[in-house]
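Here it is: the structure, laid out below.
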Amino acid sequence: MKEARVLIDCSDEKGLVYKISKVFYEMGLNIDKNQEFVDEQTNKFFMRTKVSGIFEVDTLQNAIKAVVPLEAHVRVIVPAKKRIVLLATKESHALGDILIRWEAGELNAQIEAVIANHKDLKALTRRFDIPFIHVSTEGIDRHEHEKRMIEVLGELSFDYIVLAKYMRILSDNFVKRFEWKIINIHHSFLPAFIGANPYKQAYERGVKIIGATAHFVTSDLDEGPIISQDVIAVNHNYSWQDMQSAGRDVEKIVLSRALHLVLNDRVFIHQNRTIVF
Amino acid sequence: MKEARVLIDCSDEKGLVYKISKVFYEMGLNIDKNQEFVDEQTNKFFMRTKVSGIFEVDTLQNAIKAVVPLEAHVRVIVPAKKRIVLLATKESHALGDILIRWEAGELNAQIEAVIANHKDLKALTRRFDIPFIHVSTEGIDRHEHEKRMIEVLGELSFDYIVLAKYMRILSDNFVKRFEWKIINIHHSFLPAFIGANPYKQAYERGVKIIGATAHFVTSDLDEGPIISQDVIAVNHNYSWQDMQSAGRDVEKIVLSRALHLVLNDRVFIHQNRTIVF
Amino acid sequence: MKEARVLIDCSDEKGLVYKISKVFYEMGLNIDKNQEFVDEQTNKFFMRTKVSGIFEVDTLQNAIKAVVPLEAHVRVIVPAKKRIVLLATKESHALGDILIRWEAGELNAQIEAVIANHKDLKALTRRFDIPFIHVSTEGIDRHEHEKRMIEVLGELSFDYIVLAKYMRILSDNFVKRFEWKIINIHHSFLPAFIGANPYKQAYERGVKIIGATAHFVTSDLDEGPIISQDVIAVNHNYSWQDMQSAGRDVEKIVLSRALHLVLNDRVFIHQNRTIVF
Amino acid sequence: MKEARVLIDCSDEKGLVYKISKVFYEMGLNIDKNQEFVDEQTNKFFMRTKVSGIFEVDTLQNAIKAVVPLEAHVRVIVPAKKRIVLLATKESHALGDILIRWEAGELNAQIEAVIANHKDLKALTRRFDIPFIHVSTEGIDRHEHEKRMIEVLGELSFDYIVLAKYMRILSDNFVKRFEWKIINIHHSFLPAFIGANPYKQAYERGVKIIGATAHFVTSDLDEGPIISQDVIAVNHNYSWQDMQSAGRDVEKIVLSRALHLVLNDRVFIHQNRTIVF
């Protein structure tokens, strides 16, 4: 007996659920959980099914491919810990939240390394016996720094890069090299307050609620598909530093929640949106 | 071309999704939306599918019944306005919210009548040209009052009774007569503060958040299956009257949200819980 | 015995609380509630005090003016219903919510009239015996329409204009004529999605939370001081129409909450922010 | 120049604000922040003022005592790190959240020790170079275990005991010994689901929202004054274990938020409620 998550996305057409569930039925598999979504505007079909039984991954994958449209994207994933690399700068709350979950065995991922452009988080990372790699920006330009980052990443093996408050803007080149593999936490309720110091922007705009947004990173700064968002109420008593401090709690929870979804293969990307099962 | 909502609940067994989707496929129906849930503890299967195409309701229902377990509960519902009766007492916020939605054509129900044990809401109800029936409690006991309520209801035709802040406790007899047809809004975050004056109880307990709960009514007071809940933050500045006032906004929104779900056939009842698709 | 709300704002200086509370003490007044705030960035002092006792409004106001800086803004307000004019277009949820509160005596305002650029809301308004004034835009340009609106408003007496989903952009001239007297509900979580059809924008951006914002109207579209905001979670199942429908509940509650604050003299405006006591 | 937090609570009487602010004024102190609250039901006055200037703590305290009622509780507190002891059992999320804040210098407290009835959290605690004391329950009864806990605590010096998911019930004797010094995080939205395994209770009740409550511990289990609460939405897809997992995020944030308030002297206890400035 084993388990798999079957993820399918393709153009919608009549009979898809029937044809796919027929494959499961004829292979003697149990459907433990099944979710579908059809985007009516784009006529796209999304399905995520948890099956269990006795099967070969390749056989199942091929059997499904035989009944769905040619262009379909079919993934049969046997649950296993993903590997992630964390990028950070100076703030410890997002990194710390991930480390504590990791230690408790609740993260569902192996942390390969923490890479940072400052040394501030070295001590914290080492407390958890995780490799800390400092890639300094001193005396080098953006291009050179990114080149070194790519070298360091090239020596690691990972499924996702998690920007746990990594305060550097990534180039197009970097983003495209790791397409759909980079997850960021932005310290605002996107699309409000794109860019630098969103808490100061929020303070000056006099908002009554602040938030945070976890999203996949694309070439357009702060514009990638949103995975998770949450908010917290503030008022006139909050300086922008108070907002920043209150916001940190939202940031870390939203990032960890997004990671949980991605690491459990619950997120489809469709255009600039996510379907989250 | 017509649309139907197919709701099925039965014991779970292998192949259910396959067998049911096969029926849809062979009848040439489109699946516009499909949701399933299996309660692992009780091995119960729930499915709600929106289909469209050319079909007879009876034919479809029988075709499904032929492939699911004998004890299965199968409903094929062609979308249509349900009929509701509103019960109220003196407060107008929940009733008013429903009336405004009704007038805008957003309620998806026909309001047959408003029945109240006081006359306070007569003027408001009449503003909307809806029958207002006053069933006074003066000079009669609980039993006699309920008997008269049942008489009045007996002359009406309805799918659901909505308790829009009806401040009388219903007897077992009454509840059983209209099993799973009565929806109530309770002015607390159940199961906290069951019984009388929950806002005063909340104030005395010093809570920092208050809430409201929409639920199906069963013989056990404030114990029926919950459909919807929401909350709002309060603080030491709130007297219990302030809590009551703030709570009214939550009450009316939670009740209307629950009605929306029930009137669109999106709620299954299972034991003391609801499955909401 | 009478009550008053004393609102003071001025440059901060040492001894303000002492000097002002001395005035209350020497006049034999009770302080029933007292709130202060100092904006440290701008060195501005804000104070709102509920006092009760035997006093003349002018005497109290003059006594306070004698102890605070010359430029201080001092208001002694005896609680009374404000008068408001509602501007609307076609949607009834925000207007309806205000009407229901008004009927229950919970609005703390007298509604002088509803003015609309369409006739859709005439029937609803008339149900509540409130004057409905239709100022059509047919065959006339923006300038001419606004001129007629100003004429109509000129014949009314009011403290605030409430834009209850009034879907026309107001000119600088109009806004300045009624400075700090116009309250709007914007159907997004400002500053996200300024401008037209924010729900469509939100859908396309793939956000997981939508919101609404009540604010004072200034010449800069959707940029005035925010009074109140709230949000609601959405997901990939929501079309933009579903978002709009869910958003309406947030809009009406946020607007009514903002009105409650303004009508009870609990809001100071400072630069582009509000201090809400 | 130094800062102090002045906390006063006493019976309300006319002129209190005047008399107290006169003391500040005559000592030449700045009022940086000032908050008051009068509980009308009990006629109790609460005031928290942040002052700065040149002063002696004793002189200021005595000057205030001279103008307020004899029974008044007057505290002049110069901001300094409090000392806390953490009690835990097996779960690491609440403890971990506090440790990460402590490491970042954001906790405003010194952690004297972690005491646990199991050894599971020893490794995590040691990662942060904080003393871990294991007080086993093996082979001894409740009374004996608590005696040993009290011995261990007797050798430490602390302002507060923080129950970071300490899963043992404390005796009256224990609680009274450390009156108003014990802060607990309860894994439910109190007063719902008092007692054991609240998530299982919540699951069985079919609630749509779960929560957590930080409160001072009194002799009545789960009945002490509430400091902070928060909630998160759940649905029928959540098993009770899923609720527990989602609830952990709420628990740790609510506990840390409560700690932040208490450690900054922002909480008054009044009857079974808290006034939080």
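Just so it is clear, A, B, C and D label the chains in written order, and each chain counts residues from 1 on its own.
FYI, a residue touches a chain if its C-beta (ideal position, glycine included) is under 8 Å from a C-beta of that chain, and two chains touch if they have at least 3 such contacts.
This is a predicted model, so every value here is computed, not measured.
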Result of counting contacting C-beta pairs for A-B and A-C, higher pair: A-C
Rotation in the CA alignment of chain A with chain D, degrees, nearest 5: 180
Distance from chain B to chain A - Cα centre to Cα centre, in angstrom: 37
Centre-of-Cα separation between chain C and chain A, whole angstrom: 40
Residues of chain B whose C-beta touches two or more other chains: 40
List of chain C residues in touch with chain A within their complex: 37, 39-41, 189-193, 204-209, 211, 225-231, 235-237, 239, 271-276
For the chain C and chain B complex, residues of the former touching the latter: 91-93, 96-97, 99-101, 103-104, 106, 123-124, 127-128, 245, 249, 253, 256-257
Chain C-touching residues of chain D, taken from the complex the two chains share: 14-19, 21-22, 24-25, 28, 30-36, 38, 40, 233
